[in-house]
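Residue numbering begins at 1 within each chain, and the chains themselves are lettered A, B, C, D, E, F, G, H, I, J, K and L in the order written.
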Amino acid sequence: MLIHVYHGPNLNRLEQRDAHHYGAVDLKTINHKLRGLAAQLEVDIETRQTNREGELIDWIQQEDKDGLLLNAAAYTHTSVGLRDAIELVDYPVVEVHLSNIYAREEFRHHSLISPVCLGQISGFGAASYLLGLQAVVDHLSA
Amino acid sequence: MLIHVYHGPNLNRLEQRDAHHYGAVDLKTINHKLRGLAAQLEVDIETRQTNREGELIDWIQQEDKDGLLLNAAAYTHTSVGLRDAIELVDYPVVEVHLSNIYAREEFRHHSLISPVCLGQISGFGAASYLLGLQAVVDHLSA
Amino acid sequence: MLIHVYHGPNLNRLEQRDAHHYGAVDLKTINHKLRGLAAQLEVDIETRQTNREGELIDWIQQEDKDGLLLNAAAYTHTSVGLRDAIELVDYPVVEVHLSNIYAREEFRHHSLISPVCLGQISGFGAASYLLGLQAVVDHLSA
Amino acid sequence: MLIHVYHGPNLNRLEQRDAHHYGAVDLKTINHKLRGLAAQLEVDIETRQTNREGELIDWIQQEDKDGLLLNAAAYTHTSVGLRDAIELVDYPVVEVHLSNIYAREEFRHHSLISPVCLGQISGFGAASYLLGLQAVVDHLSA
Amino acid sequence: MLIHVYHGPNLNRLEQRDAHHYGAVDLKTINHKLRGLAAQLEVDIETRQTNREGELIDWIQQEDKDGLLLNAAAYTHTSVGLRDAIELVDYPVVEVHLSNIYAREEFRHHSLISPVCLGQISGFGAASYLLGLQAVVDHLSA
Amino acid sequence: MLIHVYHGPNLNRLEQRDAHHYGAVDLKTINHKLRGLAAQLEVDIETRQTNREGELIDWIQQEDKDGLLLNAAAYTHTSVGLRDAIELVDYPVVEVHLSNIYAREEFRHHSLISPVCLGQISGFGAASYLLGLQAVVDHLSA
Amino acid sequence: MLIHVYHGPNLNRLEQRDAHHYGAVDLKTINHKLRGLAAQLEVDIETRQTNREGELIDWIQQEDKDGLLLNAAAYTHTSVGLRDAIELVDYPVVEVHLSNIYAREEFRHHSLISPVCLGQISGFGAASYLLGLQAVVDHLSA
Amino acid sequence: MLIHVYHGPNLNRLEQRDAHHYGAVDLKTINHKLRGLAAQLEVDIETRQTNREGELIDWIQQEDKDGLLLNAAAYTHTSVGLRDAIELVDYPVVEVHLSNIYAREEFRHHSLISPVCLGQISGFGAASYLLGLQAVVDHLSA
Amino acid sequence: MLIHVYHGPNLNRLEQRDAHHYGAVDLKTINHKLRGLAAQLEVDIETRQTNREGELIDWIQQEDKDGLLLNAAAYTHTSVGLRDAIELVDYPVVEVHLSNIYAREEFRHHSLISPVCLGQISGFGAASYLLGLQAVVDHLSA
Amino acid sequence: MLIHVYHGPNLNRLEQRDAHHYGAVDLKTINHKLRGLAAQLEVDIETRQTNREGELIDWIQQEDKDGLLLNAAAYTHTSVGLRDAIELVDYPVVEVHLSNIYAREEFRHHSLISPVCLGQISGFGAASYLLGLQAVVDHLSA
Amino acid sequence: MLIHVYHGPNLNRLEQRDAHHYGAVDLKTINHKLRGLAAQLEVDIETRQTNREGELIDWIQQEDKDGLLLNAAAYTHTSVGLRDAIELVDYPVVEVHLSNIYAREEFRHHSLISPVCLGQISGFGAASYLLGLQAVVDHLSA
Amino acid sequence: MLIHVYHGPNLNRLEQRDAHHYGAVDLKTINHKLRGLAAQLEVDIETRQTNREGELIDWIQQEDKDGLLLNAAAYTHTSVGLRDAIELVDYPVVEVHLSNIYAREEFRHHSLISPVCLGQISGFGAASYLLGLQAVVDHLSA
């Protein structure tokens, strides 16, 4: 079982972002934790990051994985293209957010991709990803 | 460590609700699975259900637990009282939903309690609760 | 055939309310007229009143009747919980209002429960209930 | 006692419309049922249909009847002219709808004529008309 | 110089309308007063009334007059067709209203035809028409 | 009979404003024409201009006139204070505008004072004032 | 194969309308071009124009054609009745507009009939009709 | 003279709430201060607290007092039922709030009960209650 | 201790305003009552009235008092300038209104100054001022 | 004459998308049909696809073609950049959509690029492109 | 070359305002810096401050200067009168703000005067004025 | 001191854009003028242009400069990603626009990046950039 994890725009500079919203965490650490849990769950994992909307669409379109953990970051709120890409693939997509997007600016309260994802996990910091990996693996194993 | 789980209005008749939104599941089964995971995580658990907003507020106000899993169901979208209750307690509250509330009617897209909860997990059916229990225990253990 | 009739909040003090909106009528008289029509239609009838949203939900969830006449009063406009309860039961629910809610304050123009009821009758004073009883009995006899 | 019944636009082709919203029913059948109930209630009845807003206004303006059953169909949602016509006559007007307009497209949720009608009956299919006739006759007999 | 005066829907039953909004006045009296002023101003005048939107459009399209006084009544607020007709003719159109439409229901506050008329006169009862006739004659004489 | 005419902000520089909206006209000419018509109608007239909202309120509050012609200009759209002042006096106030405010920017479409004025005349350039004077004198003579 | 073409309100005076929006074209020319293309495509064609909403509804309801080209003009934006009529017939309806309605006033941006038409063609002037005829014939031939 | 004081949801845990909004105060202290002022004003007083909307409605409906001080807390913003209850009783109701609700989250800016209360006092912390008691006693003594 | 009381626009003509909203009261009487209470509370008081927004701003900016009672009347709803002035001074400002502004026109429901005032008292007629004086003196004495 | 055809995001996976919205069609087939029609119309054609907003802007900016057929897909609803690019080029752009975007989710009803395109063709599946090619060639040949 | 600088309401008490929004600066210092830069640019400068909307309008109307630097402060967001005054003068007006108005309360995000000013400079504290003076001088010298 | 200048989408074709909005200017000239001013101010400067949102984010994330001048063009109004990138870097960003965005289409009135920039300069054509360079250098030198 192969799970992809895509980190959207600005997550490559996570350590610079406001600790209040994201906790003191960097992407390297998150990926390391994810690989640890993947090993424990006996699944393969691949992590990627991009700041480009189009590149995210390209990656999502590929049916080269069994499931996807997606933190679309800023594109969560503005990208109809991501939504369309998720809608056309057959594998499950789990939406994750480090912060509780409902406790932040109003323009972050609305997710264009939620209605086409399997489910959403937000607000637990790095743990959002770990719960998401658990969720997608459980779903595929059911 | 004692975790409470509160099921809000109409969840006592879950088996009657639309399988499309909730999957073929009943509350007894969910509680049973939760107890299984709790045993595995070595935490105590107590589950309750009520259709009353005021009763939920009463329960939340009690500082007799270390954390709470809350599926406020319909009150998620209408109860300022629940929000105020969650805001005044010190223990962490994790918001869970069986269905993906963002893929349903517009009046279910807005949660009044999200901004004051630790995080939100929605859309995984019964698994939303299990992930939520994991999340709150991880948080308390951190 | 057993029909329940539930009167929502403040209808127990109907005689005190503005005669312009409700006519000079009290709940006792309405219930008396309903029992008269029920006898004539040869159906059993049970009437209840409560000011509690949660109690209304409890009552609606019970599949102990063949049909329901519901005047949810103030909860018509604010209760997602009532809507969910009506949606999960199998018997028909007819929404009735004494006054024409569309000729009153704007916040009374929107009914959360209309989309899940069989139909709506409003504006005929006590006669709204009698027409509603006729409607539900006709529907069940068809 | 003479009651008029006006069917608005497209109701002359009722049998072609979506059975889900209107049931398998045609206007001839509805008129036939109405005449049957009228005979039983010992009132005279006259039924008309038109697709023209202006013609409906002309008809409503005539004080040649004791009461009116009006299914304004599409004009319910767009005609200030119908509203003005109803407001200036002295006889009671009962608004009827075959379908539950609150369970359909958003632009059908708002009725411009409700605030100036005696009351509204919607969602019971052909029975909406029969209940409406009962309602207007009861009102005139009171 | 020939001026037309068109009275829109329900103005033929003006005497039945709420005296508070329109004053105790009927269309015959208004037309009589208009003819008196027209004689005094030495212009020809023709008055018409219809409840039909399409008929109003037909009449407006005719370039058989030097100016128009238009009380579109209910169609003021809903007819894009009237607006388009006024926009394509070359003669001046003066919008008149008996009542102050800004002191009534919100849906009467917006006029679709104002932006394409020469000017608007509202709130003076029958005098609105007389001022309007004066205005259009002054405009044509300038 | 004494009629006051108040010109609001920026009307003292009328000749500088866009000829498209106001025609080639200055305040002196308007006042001159008003005095001519007043003489003809055998009424006294007093004209004033100010750029100050408070000064307009002061002037309106004085019951030293039989009627008022008010072009509140920019304050039409923003001043609750003017509205309150007009509401508390007993003499009739006629609202006039040189341009058709409904054919301009959206923020000029809404008049806060219309609901408390006798009537409104807009779009006829300088003639709006003359029609307004006629209107208020006719009203007072009726 | 018989195709009808209906021109809505004010299209009979097309040559008077703003050349910027519609190009220098009249209805006679459009109908002539349509007949030319129909001959070429070997289909029968019938063209009609009316300013009346009700008449358009009457015409649409008739199942006397294989397809319809409809330029509902002003009624595009206001008529629920047209929408209902289109929804109940079985033949395909193609919505055409001379001008690009999305480049004009905001109230022209929304079409009530688009969701129930086969497709929409707008902005090509007279060519919109020719493309529409091609579209409906292609669709029927497929 | 008997005055009731009702504290709504979560006010029983006041001491836990954010000191910024409510000051360092608990319900016991407020009730104690109220009894002190009542003694001084020579009126009787009874204080109650509940988290239940329905219970508040039950209490308000009772005509067993001369006036009421109501801090409806969260229900201020969501309960049509409270509003209806207040509207049907004859005694005066004074709305009080510890915090300035207009300086907090937007959903707290709107009070459903203000329009049917005698008046509102907000923002003075515990002193809001004391001023409210003074206000209702003054009103009843006038 | 010196308390200022500022009455905003049109309050100088209070006796002319609608008795329904303000009670039969004039400014002289209110000031007289305020001086009486001030004497009793042993504080100095100074009362002023103006119809000018700018003058109110000038007065508020002066740090020549210990507290302020402000009835900004119409400017309550439109003046960002007043809000800015209140925000920059150090002494407490209490907002008072004679009428219950939430029971009146919608544009009076929103106060721009509430968020920067200590608290608000509305709906008690002249007593609003007396309660306000009590409130500010209590606050300063605390 | 050279016509470019640009397919926006996710159209490269067209065959995976919901057959209800797009018909059973893939991009290869559409391009093949377009080349067939181009040959018949004796014009050159070049087709491209990208998921990148910036790449679409780059392509559009090039004045290396006589006309463009653009299906911007998801970017239709979110890209001001595409709009700006279309606005600055001199050749005609025709907007095409496979599905009727007005019969889908609300966020697809609004096109940012319509106002700057020559015209729009939507709802005819693959035929939308063929009609569009016809339209742009006709336009360039006129 | 003579440049005027007008400071709007509350800027005379700048030193009292929140240092977070405006920096630790007073008006005297700003004016001093402006005079320094003016000397350097070899232009004359005159600075004024007022809290009165009407006075600002009076000043702006005077064509006694070559250009204007305007910090309208609170009136930026509410004054149609200022906008009208700016629109009628021929000299360039540069809008300046000390703070970044888009990072503050929502009611400060909209400027009524921006559309009629040459340009806007905001967020640089006292430097906004200096940049503005540079901008207007550069513009006049071009 | 090194300042970067980023030109967003379509600015590479500036000379083609509407001279009314941007003046007769091309990017080469702007960059030339910027280099001239940079030399004068003794700072280093680097200018870049891209049509890609993701590339702008990449560039902004680099802490390889002391300050940034950003004309995000179309992305100003739609990109949450740009906003997030600006928020996470430590150097100051000045937002510049050639045209007065508040005098153009409504969708250009809102800037997503303003709240996280140091300040904004708009409407001065090429001079906006020069003022912006001055602003950022002054800020860094302070």
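Couple of notes before you dig in:
Following the convention adopted for this analysis, a contact is a pair of C-beta atoms (placed from the backbone, for glycine too) under 8 Å apart; a residue touches a chain by one contact, two chains touch by 3 or more.
Because the structure is predicted, anything quoted here is derived from the model rather than measured.
Between subunit B and subunit H, the least number of touching-chain steps is 1.
Chains that touch both subunit E and subunit L are absent from this assembly.
In this assembly, the C-alpha centroid of subunit F lies 47 Å from the C-alpha centroid of subunit L. For this pair, subunit A with subunit E, the centres built from the Cα atoms lie 63 Å apart. Those residues of subunit E in touch with two or more other chains are numbered 52-55, 78. The set of touching chain pairs reads A-B, A-J, A-L, B-C, B-H, C-D, C-H, D-E, D-G, E-F, E-G, F-I, F-K, G-J, H-I, I-K, J-L, K-L, using the touch definition from the header. Here subunit L touches subunit A in the complex through residues 52-55, 57-58, 61, 78-81, 83-85, 87-89, 112, going by the rule given at the top. Taken in their complex, subunit A has these residues touching subunit L: 8-10, 12-13, 16-18, 50-55, 73-75, 77-78, 107-108.
Remark: subunit E residues 100, 102-103, 109-111, 114-124, 127-128, 130-131, 134-135, 138-139 touch subunit F in the complex.
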